[in-house]
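There are structures below to look over.
What follows is a pair of complexes built around subunit A, which joins subunit B in one and subunit C in the other.
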Partner chain A sequence: MKDLEFFRNATLGQYVDSPSRVHAFAPLTKYLGLLALAAPALASRTTYAALAVMALGLLVALAAGVRPAFLLRGLKPALPALALIMALQILLSWPGDASAALLRLGPIDVTVAELANSARIAARLAALMVTLGLFTATASESQIVHGIEDILAPLSRLGIPAHRLALVVGIAFRFIPILAGEAELIVKAQASRGADFGSGTRNPFRRVKAWLPVLVPLMLRALERSESLVEAMEARGYSGGLRSRLASYPAGRGEKALRIALVLFGSLSVFLASRAPSPWGT
Partner chain B sequence: MPFVDVRGLFHRYPGSPVHSLSDVSFQVEPGEYLAVLGANGSGKSTLVRCLDGLAEIESGSARVGGLDPMNADELAELRARTGLVFQSPADQLVASVVEEDCAFGPENLGLPREEIARRVASALEAAGLSAERSRPAWALSAGQQQRLAVAGALALEPELLLLDEATAMIDPPGRTGFLDLIERLNSGGTTVIHVTHSMEEALRARRVLVLSGGRLSFDGAPAELFERPELEAWSLSRPASLEAARRVRVAFPDFRPAGSAPADFRDELARLARIFGAAPAVPRAGPSNPSNPSIPSDAAPVDPPRDDDALVLDKVVHEYLGGTELAKLALDGASLRAGKGELVALVGATGSGKSSALQHGNALLAPSSGSVRVLGLDPAAKGADLKALRSRAALAVQRPETALFETCVGDDVAFGPRNHGLRGKPLVERVRSAMERVKLPYAEFRDRPVRALSGGEKRRAAMAGVLALEPELLLLDEPCAGLDPGGRESALALQAALKADGRTVAVSTHSMEDATRADRVYVLEKGRVVAEGSPAEVFLGTEPPPGLERPWAAEASVLLWRAGLTSAPGALDAAALADEALAVLGAPRPGGVPRAAAEGSP
Partner chain C sequence: MKKSVVRKIVVAGVLSAVAAFLGLTRLGYIPWFSGASLTVMHVPAIVGAVLEGPVVGAVIGLVFGLTSLLQAAIAPTGPLDPAFVNPLISVLPRLLVGPAAFLAYAAFRGKLEIPALGLSGIVGSLVNTMLVVGALALFGFLTWDLFWPIVTANGLPEAGAAAIVNVAVVAAWKGVARRGGKASIAAEEDR
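Right after this comes the complex of A and B.
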């Protein structure tokens, strides 16, 4: 009954505790690092550039004491989506694709350009996933929340509620295991009463209907539990107004220099990538 | 001047035709320790919420430290001076790290960082959580989480602590630590208002309020409350300590233990025994001679399974989330059995494997190693019909009412039998008899909307949904958790009735008192069975079951024996303990153990 263990699928973005220098950086630095790698990964126009970003990410992972294999395993859940994208790339042909066809199967032909496109998409996605995985492996939940607050702090003068946004993210994190636990309990309760969840029918309407005994109570529980949390927060004096914070992340001179370097690296690589010729030839 | 001052308070939930609080008035002096009792739905939680400005007062007034919770300007200061701890430990955690969660209150006050750090350090110290300060909050045990909730309240440096059934969801060891913390804070001057379903906890308070149907029915000392004839009508019960003393007083009106501890009962009995000249049954060798002759001190021999057993777990290992970073051994070689027609209780701390063991009983979980036999079948066998098996071995999960999903009660109860193909008249009959069983009359409740039921009624409706499967084996996961004493008594009566039908019942519980009603008790610790046997074997041995405390009456009975007043401990409940005491004092009783037996030496 492994399908009833809901936490099994909630492992994305796991924190890896390690005494490394990377882990010791302030959340703000980690966010800048994330942006410095994710931006070129998204902007990269060649497979090699994307692979270079990925390699850089894996190098940082090594320095942080995070096994590269751990990050690469994070790609697994994305494989079906990737396969679909690649299949579409190959099935549909690009207008003006003049590259050599390698294989012809009736109306479908597999061209060099299609394969190159697929490879580039895969490389970019992999680079992005590795970067994100590296970030969540080195930034704990509370650092992710505090980092949002810190990175948006300059904007709070413009009326952007940095703390509230951070709190929303923090609570979203907290509710993932809570809801997974509730769902597991409800599924077990209904399975004990002989419910089978849409197995054996392909009719989507019926499938949804079969899940109603889980979805209805799950919604109710989610509302109930969020109401409890709101009460607990209010009772502790939360009003959404001005507040202070216990956690502080003082940065030394070296770390401040690193932040500037990260911003420069990110901007420069995006700039360079945008100047490179587009593989789509536009 | 009273610190809490409530006068003529009325409250009504939006859309409800009746008041949840009617004309409630009381005052609490600074430093008092007040318990609030009452049935499920009597308005206890609402009262606490009114004091903290979480529920709207319809008319009348409430003041905390002179501040009005209905005045938005005063509310902020009121909350800064009041700590509120709720029932569910996990629902109160705001941040993911212990010290950050503790800091949430002072952060909201906008205090400087150094001041927050100082308060957090001292609050965690008081709650005994200093060592856990940088751990993830979710990784704490429920008892620790609840102490963290208190620490979070303490960081506000409150003058008033409101506890809303704060011990309902933690296991006995966690509960003891929690209550000791509250008592320390109270002796340090903090005013405490403690809403609870536990009569033993009420005894810790110096004053008790009882709410019944939203009205204040009693305001006085606990000793006085438990002599009142209305106890049952208020859905309360008498704690074992008072019940036993009361029964002894029938023959010996002087019998007045100094306190509610088992040792107080023993001391009072020893005093009377000297007065009435009853010689000690044995030389006072008890304490220096800890081995109990009537009960083997080593673990009871493992009960071998039999062919007609309803449930057999044989050396079951279950690894939850096996193969991932979160892998955890839920069961680590647990063996247990429930003979046909038996009532078996599983006890142990939170996370000891009780729920996992029960879930193997209806094949929701499959063992990683070891074997399971349910009603003579092997659920792991190829082609085993698990759906059919689950209707014969039915599980009521913890808080089963959370899984109610139909609009009307009758439809929800029918969900199970309908899934197994029952239709028409037989289905109606099933639903009717299941609902009658849990005392929800079919005609009256069939078309009731589920959301209009009270908490206790929802629990019963959910139980009816399981009973409607007419299972041979019932697996009940903490069926009494969160129920008031009246509800708990009917749940226990239901278990007894199911057993009387010839059905097998396996139940997990945090209440040692409930476990004494079983035919056999299994004590689990970290996924292993560490003790098993009849309730007498488990609770009256020389040592209490590992990691647990004896039921009150059993503890007192062992103390009587240790003091040389009786020849062997034999009482598991208040009535039996009173009989033992009366035998010591030489009172004639019908149908008891002859006095000579009590005087025999070991």
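Right after this comes the complex of A and C.
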């Protein structure tokens, strides 16, 4: 029953209120900062590069008055998944892996590339979690939606209704924790009626049959909730147009310069990472 | 049920959340014989397309594709995952799942409602499998000889699962709507 609680311990997505300079930035600047750190973290081909991104993220966190320990704690729920990924790295043999084997146990061999790759994945994940944690700690929920609207705004010149797309993304973000709660309720309700979730069975057909009673009610509950949201929005006079904002985010000259610097930093680091030699040595 | 822009926006958002949630918690992956898991993450795109039209289906497919791209980049769990960092493999095929399902549904809806729903589930799901496996082969991650074996071993059971879920969800949802014109949550609040 351990796996019934889906999102209980996630620190990701917790806003930390603090009167810092970083918190005062406009949502658009925060998004550019997120991209400037997340893109090199994703593109990094070496462990060091990923660790450098993480260190940078922690420095910004210090400046923002967010304790680094708070961000690092967010890594805890990801540890079992990380262990699984590293185990898979070592158990499977990867195409193009020509590095020396350190240890051989029957069909399983531990190669240098596999260990290096595991370290790189762990460092990347840590860098990304710290970056995302930093973002959600400094941007409130309404700022997250406003920022998406601002960042997609250039698309509206191409005739794509960017504000509607931003609203879709905003609603999706808002609904993920709600769905986690719904899924937990459904799984518990089915389990209390004696449902078998296929644990301990190797028969894939039984596993498939076990998923249907979760998936179907989950989607129906989601649709029901969307129906009440539609009624609430229409009752307040929303009909798909541009929404006005209570908060405005004027950006000074320094902040505009920072935005340009962030875009340059992000694209330069991705460019450099893409030119670095592949860890596979091919 | 009248079609409104607000409903399209909200349904796209909520079903995108379902797709992202299934991916994040790995609930959307069902372990299967062939080693590669079956996925039902494309089902929200099919349901969205059938309920609210092809654009909504494409938007949900976009979110699903981006989720799988991010997941492959952050936490690769199989030898093929590095391939999904390429948006031509992870995002583009998923954009077409919803519109294909909508076309299949639109061709038979009306009198043959249930078979139309089943067919749109099968078509949407097969479009997903064949385009993704085709893109993998095109970029050299797989050889073309593996195309039909994978489509048969994974694509057909996925199509079956998608058809069952699509029929169950949409038929139940439209039934709910027909009864009082209100969702049952709204009805609960009225009591």
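One rule holds for everything that comes next: the second predicted complex is superposed on the first by the 202 of 282 C-alpha atoms of A that agree within 3 Å, B and C clash if a C-alpha of one lies under 4 Å from a C-alpha of the other, contacts with A are read in each partner's own complex, and residues count from 1 in each chain.
The definition used in the following text is that a residue touches a chain if its C-beta (ideal position, glycine included) is under 8 Å from a C-beta of that chain, and two chains touch if they have at least 3 such contacts.
Predicted, not measured: the structure shown is a model, and the values here were computed from it.
Of the two partner chains, subunit C is the only one that A:L165 touches; subunit B does not reach it.
In the overlay built on the shared chain, the residue A:E141 is in contact with subunit B alone; subunit C does not reach it. In the superposition on chain A, contact of A:V216 is made with both subunit B and subunit C.
Applying the stated contact rule after C-alpha superposition, one finds that A:A180 touches subunit C and leaves subunit B untouched. In the superposition on chain A, A:R236 contacts subunit B only, with no contact to subunit C.
Overlap of the subunit B and subunit C contact sets on subunit A: residues 170-171, 173-174, 178, 212, 214, 216, 220, 225, 228-229, 231, 233-234, 238-239. Interface residues of subunit A facing subunit B in the complex, by the touch rule stated above, are 1, 4-5, 7-8, 11, 14, 140-142, 145, 170-171, 173-174, 177-178, 182, 185-186, 188-196, 212-214, 216-217, 220-221, 225, 228-229, 231-239, 242-248. Taken in their complex, subunit A has these residues touching subunit C: 6, 42, 81-82, 84-85, 88, 92, 94-95, 121, 124-125, 128, 164-165, 167-176, 178-180, 183, 204, 207-208, 211-212, 214-216, 218-220, 222-231, 233-234, 238-240.
Residue ranges on subunit C touching subunit A, taken from their complex, read 4-7, 9-18, 20-22, 24-25, 27, 30-33, 38, 40, 43-44, 47, 51, 59, 63, 73-79, 157, 161, 164-165, 168-169, 172-173, 176, 182-186, 189.
Listing the residues of subunit B that touch subunit A in their complex gives 49, 52-54, 76, 79-80, 82-84, 86, 88, 90-97, 99-100, 103-113, 116-117, 120, 136, 138, 149, 152-153, 156, 320-321, 324-326, 359, 362-366, 387, 390-391, 394-400, 402-405, 415-416, 419-420, 462, 465-466, 469.
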